[in-house]
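Note that subunit A is present in both complexes that follow, paired respectively with subunit B and with subunit C.
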Partner chain A sequence: MTEKYEAVIIGGGVNGLGTAYHLGKKGFTDVLVLDKSYLGYGASGRNGGGIRQQWTSEDNIKLARESRKMFERLDDELEEDLEFYQGGYLVLSFHEEEAAEFKENVKLQNKLGVDSKFLSPEEAKEIVPELDISDVVAATFNQSDGTIYPFKVIHGYADRVREIGIDIKEHTEVTDIVTQGDEIKKVKTSEGNIKTDTVINAAGGWSSKVAEMAGAEIPNVPVRHEIMVTEPYKRFLDPMVISFEHGIYFSQSEHGNIVGGIGNPDEEPGLNQKGSLWFLKNFSDTLLDFIPRFSGVHMIRQWAGFYDTTPDAQPILGSVPEIERFYQVNGFSGHGFMVSPMVDKVTAELILGEQPSMDIERLRVERFEDMDLEEEGGVVG
Partner chain B sequence: MTTVVCRCEDLTEEDIVEAIEEGYDELETLKRHLRLGMGPCQGKACLLLARRILRRETGKDVEEMKEPTARPPSRPVPFSLLASPDEGGEDDD
Partner chain C sequence: MSERRIFEHPILDFDRGYEFYFDFEGKKIKAYEGETIASALYADGLRKFTESKKLERPRGFFCAIGKCSSCLMSVDGRPNIRTCVTLAEEGMEVERHGPKAEFPQTDVGRGGERKKEEIEIAVIGGGPAGLMASIVAARNGSEVHLFDEGDDLGGQLVKQTHQFFGSHQEDAGTRGIDIGKELLEEARDVGVEIHNGSKVLGYYPEKKITIESDGRLEIYDSQGIVYAGGAVENYLSFENNDLPGVYGAGGVQTLMNEEGIVPGEKVLMIGSGNVGLIVGYQLLQAGVNVVEIIEALPEIGGYQVHASKIRRAGVPIRASHTIKKAIGDEKVEGAVVQKIDENWNPVKGTEREVECDVICLAVGLSPDTGFLRQADCEMDYVPELGGFVPLRTEDMMTTQRGIYVAGDAAGIEEATVAALEGKIAGAAIYEELHEETEDTRRSKEEAKEGLDKMRKGPYGEVPKQGVKTCTVDEEVCG
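Take a look at the complex of A and B:
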C-alpha cells in the first residue's frame, strides 16, 4: 500500500520538527516527518546548546535575534521546561586585529537590535572570575545569549507536532526521491513508498545525499565536530565562553555539567562520528589555558556529530531551481540550533506560499552561482 | 516498593516505566530524556538493569539496538590528566 501526504519532511532534528511545528500551527497537518534513526540522532541531539546572537553577517544576526526571542517564548508554547539559561556569551580575543573587528561587529549588532558590548580583559574577568586574562586583548558580551537543552526542544516539538495531528516515523530511511520532469512524485523509504509533491530536506549532515536523490545539487559537506561533558557541579560559570582563534567553546548546563568542544582545523570532511584522542588532549590543553582552575574537573563522556558545512558558512533555505517544491533547510555549518525557530517559521511560510517574515533571498542555493558571497566569519568549533 | 535503578541521577524503576509509556521507548532517547546512565559512573551501575526494564516493557530486543557512539572513559578523568604534561593547569606537573 502506498501512503500519501501533502508534504514529507526528511530529518527528525530540530529543523525538521520545527518546520513541522510551524506548518501544523498554520493548520497544515497532512505532513509526515521521517528519520532514519531516532529523533535527535543527528547534530540536534549532539550539540552544545549554544544560543548566540553575536554574529558578523546581517542575515545571521537577524535570524539569531528573532530566534532568541522565539526561544524565550517556547517553554510556554510547548509547555516544557527547555532549560534556556540566558547567562550570556563571552567572546574572547587574543589579538589587536581581531579586537578591532569585534568593535565593528558590536556596532553592527547594536544597530540591528542586539545589545552586545565591547569589554576590556578586566571586565571579562568580572563576568568569569576564574578566567586567565594574561593573553586576552578584548572581549564582547551579550547577556541575552545563552544555552538550552537541545533534547528537550526536540521532544517538546515532537510531542506538540503529534498532538496537532502530524505523523512522525522513526527508523525509516529515505532511499530515493522520484521525480518526473521538475515535479516530485514520491519518496521511497526502507518501509515503503509515500506519494507526495512536496519534500523538505532537513537531513543535516546527510542533506547533500538527500538532494542528490532528487537530482538536485547543493554544495554541503559534512565535517565531524567533537564535544565532551564533565560531571555536574554547582553553578560557577554563567556565560558560554568562546574564542574563534582557538576554536573552543564551553558553558555550564542547567544540570551543572560543563559542556564544551574544540574544532580541529585539519579535520577531513566525511561521515565519521567517532571520538578522538586528539580532541581530548587539545580541548583539555586549551581549556586549562583559559581556566587553570578546571584542572581538577572531571570529564565523563565525549562524542561527535556533524557540521553540515557550506562554502560561506551560511545555511541554504528555500526551494531549488531544478525541482519544484523541494525545500532546503540545511547547511547550518555548526549553528543550526540557535537560528532554527526563525528559519523553520520562514520555511513553513515559503511552503505555504505566504510572504516570509524575513527575507531569505540571499540564503537560497542560487547564491553559489550568481552572487558575491558574504562569508560568515563568526563560526566556532 | 521503589527500586532505584540509576543512583547517580536518582531514577527509580517507576520513572523509567513512565518515560517508556510517554514514548521514550529506546535506550538512546530514554537516556537523554531522563539523563539515565549519564552520571559520573556513566551507566556502569544502571544501564544493564535499564535495558532489562526496556525489554520487559516494550518486548523489543534491546541488546540488538544500536550501541551509542559516545565514548565514556572508564571512569571520570580530571582535565589535568588529559592535558599535555608541560602546559595547562596549575597543579598538573
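Take a look at the complex of A and C:
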C-alpha cells in the first residue's frame, strides 16, 4: 500500500463505521477504516440489538436519548430498513430495595426527557401476558426503547461510507502505531504501513491492546458475554424484557426469533469468544422461569462476544493526554450500540476541532485519575 | 401415480406393519407403523410442507434426516416439529403453519433432571469409520459410547443396496447394507454402548459434548473423542433451485431405500460420478423413470461398470451439460438444461426443456467438519479430499490432543478407507489413554498397509496427494 490518509479508524464495528460516516457527512473523506477481520466481527455483529434509554447516569441517559432520536431517522439517511422496532423495554425488579431505586431512576429519566413509567407487576403482565410475575415486585417501561438489526446498521453505514468516498479495508490488522514525541507518524498493518497523524481507536474488546501500541494506557478489559437465538415465531413479544438481578435480557426480532443473553458473574476477563455450557444451561433455565411456555421452543445458535468494560461502565471518548490526535471510542461496557449515533457524531466533531454537540468532558480517560467516578449501575447481561 | 410406496423391490424388503390413519388439516392420511409423518404425507402426494422464513418460498421434503428444517409443521399443537424424523401415530393432528408458527400455547415442562454423564471415549458417527474405531477401542478394554443421530447405524452404508466397489478383499462384492450390519453386530459383541437417535449438537471444552435425544439435551464429559460424522452433500446454484422436488442424492436415497417411497415419476439426475450413477440405477430398480443424467465435465465421472448398467437401461448420459433452471411455482414441473464449453460457459442456442418432477443433485460431497472447528482443530483446504479437512497425524489425531478423526470427515474417499482410518483411530485413542497393546500395534500396522494399498492406482493417486498435504507430526498437537 502507498498509503497516506488524514485519519485511520481502527475497527469496523458500529462505532468505527459510524465515526467514518459522520466524518464523511462533513466532507472529511480522506479516511481509512481498517478491520482485522470482517465488518461486524466484534461485538457489533454479536449483540442483542437493544436500544434503551432507561439508564441511571445522566451522561448515559442523554447519550441514549439523543441516539434513539438519531436511530429513528437513520432508515431515511441510510436508505435501508434497519428494522428498528420500538416495542419498549420492560425492566423487571424482584426486590423492594431495587424497586425503590427504580422509582428514582424513572424520576431522573423523566426529568431528562425520557418518558419511562413505573409499573406494578400486573401492569407488566399486561404488556407481556406470558410472563410469570409471581416473584416480580415492580417494573419500569419505556415505549420508545426497542431493538434494531445490528448487521443492517453496520452494512448500511458501510455502503454509505464507501459511496461518500471513504476507504474500508477488511482483513487488515493494525500491528503497531508509531509515534514521535506526542505525535502519531504512522500505523503499521499486516498489509503494509500507512502514514497518518490521526488515529481513532474503535477496536472494541481489543481497544486496550491497540492503545498500548501507541504507548497510551486505558483501563479497559474485555469480558466475554454470551447470547443465543431461537427458531422464529409470529410476534408475541413486544418489548425487550430485562432483569438486572438475573442478568438476563430477551426480545423478539423482526424476523420472529427470540434473541437473548445472560451474564455470568464469575466470568474471568480475557479474549475468549467461545460459547459455554454454563450459558446454555443457565440461560434456558432462567428464561423458563420468566416465561414457562418457552419449554417447547428450540434454541438454534449460541455465540459470544466481548463487553469492553471500564471501571465505571461508561465509555471512553476524546483524545488521550499522552498523545495528540489519538481518539478513543471504546469502553462501552455492553451498551455501545444504543449510544453509537451520538457518540460517533461527537467523535467526528472532536476530530475536526468543532464544538461537540454534547459535553463529553466527564467521559474522557482522565476521569480515572482526577475525578470521582459516577458508576453506571444499569448494565445487564 | 396414486401410490408412491414401494411394495416390490429386487433387493430390499419393505415389511410394512400395521396400517392406520392420522389427521392432516382435516383430511385422513394413511400411514404404516414405523413411517414418519413426512413420508406418509409425501406418499399421499403432498409437496409443499412449509415456506421459507424470509422470502416465503415453498419448501418441501428435502433432506429426510432432520437437518434442513424444510418439513416443519405443527403436531398435536406443538409447532416446528421436524416431520421427517417424527413417527406418525394413530389419531395425530398435523397442520402446516407456514414460515412462522404461533408461540407455543402450552408449557411442555422441563422434563426433569438433565442427563449428565462422565464417559471414557465418545465416538461420533456410526458409519464404517465410527463403528470400526469403536470396535478396536472397546475390544482392548475401553468404555466406548457411540453416538449416531440416525435410528439405524451404518452411516452411508445403510442406503447402499449395490455391491460395493473397492479393492479391500473382504468387502468388495458385498452390499453396503450388509457390511454395515456385520460391523454393528461386532460392535455390540465387544461391548460398545450404542446411542442411536442421538444427535451431537456441539463441542465444549474440555472434551464435553452435548447431545439431543428424544427432544432433550444430554451432556457427556469424555476423556477422548473420535469424530466420524461423514460428509455433507454439495449443492448447485441455479434459478429456482429451492423448489420442492430438487433433492440431494442423499435425500432421494433415504426416501427410497429407507422409507420405501419413490420421490416422483421422472427424475433428472445432475452429476455422473459414482453417486449419481448408483442412485440413478437404484431409482430404476425402484421403478422410477430416470429421464437423463447430465454431467458438466466433458466425460463421465464414475466407474464404467456403473455407467454401462445405466446405458443398458436406455438412460442417456450427457456430458458437457448443466442445468440452467428448474421450472414450476410450488414444485418442480420441469427443468432447462444446456450445453457448456470447455470453460464452463453456456453455449448459446442449446437450451432445452426437460420434463421431470424431480431434480436430483449428485455433485459431490464435502467433509462435515463443523464439530472439529468448534473444538479448535486446525483445518486446511485440500481440494483432493473434497474441501476443508482437519490436519491430522498418521495416527488420525487432530491438532487437539485426544481428539481423533476418521472417514469422510477426514477427507472424501470411500467406505474401506473410512473403516481403515477408523481402525487406526480406535487403536491410537486406546494407546493415548492407556498403553500400546499387541492388538493396537497390529491394528495400526495392518490398517496403514491397507491404506497404502487403497491409495494406489489412477483413482488412489488423488487422495494420496491430498492426505500428504494435511498430515502433520505429533509435535504440532496441543
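By definition in this document, the second predicted complex is superposed on the first by the 379 of 381 C-alpha atoms of A that agree within 3 Å, B and C clash if a C-alpha of one lies under 4 Å from a C-alpha of the other, contacts with A are read in each partner's own complex, and residues count from 1 in each chain.
In this text, a residue touches a chain if its C-beta (ideal position, glycine included) is under 8 Å from a C-beta of that chain, and two chains touch if they have at least 3 such contacts.
Every value quoted in this text rests on a predicted model; they were computed, and no experiment measured them.
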Comparing subunit B and subunit C in the superposed model, the one touching more of subunit A is B
Next item on the list: Considering only the touch criterion stated at the top, classify A:Gln273 as touching first (subunit B), second (subunit C), both, or neither.
Entry: first
Q. Once the shared chain is lined up, is A:Phe151 touching subunit B (first), subunit C (second), both, or neither of them?
A. first
- Check the residue A:Leu287 against both partner chains and state whether it touches subunit B (first), subunit C (second), both, or neither. first
> In the superposed arrangement, does A:Ala304 touch subunit B (first), subunit C (second), both or neither?
Replying inline: first
Checklist entry - Looking at the overlay, does A:Tyr38 come into contact with subunit B only (first), subunit C only (second), both, or neither? => result first
Of the two partner chains, subunit B (first) and subunit C (second), which one does A:Glu231 touch, if any: first, second, both, or neither? both
Note: overlapping subunit A surface for subunit B and subunit C spans 231, 255, 274-275, 280-281, 285, 288, 292-298
Residue set of subunit C touching subunit A in the complex reads 53-54, 69, 78-80, 99-110, 114, 202, 204-205, 208, 210, 217, 219
The residues of subunit A that touch subunit B in their complex are 37-41, 45, 151, 155, 229-231, 255, 273-275, 280-281, 283-285, 287-289, 292-304
Within their complex, subunit A touches subunit C through residues 130, 231-234, 236-237, 255-256, 274-277, 280-281, 285, 288, 292-298
Residue positions on subunit B within touch of subunit A in the complex are 24, 26, 28-29, 32-33, 35, 38-40, 42, 66, 68-73, 76-80, 82-84, 87-92
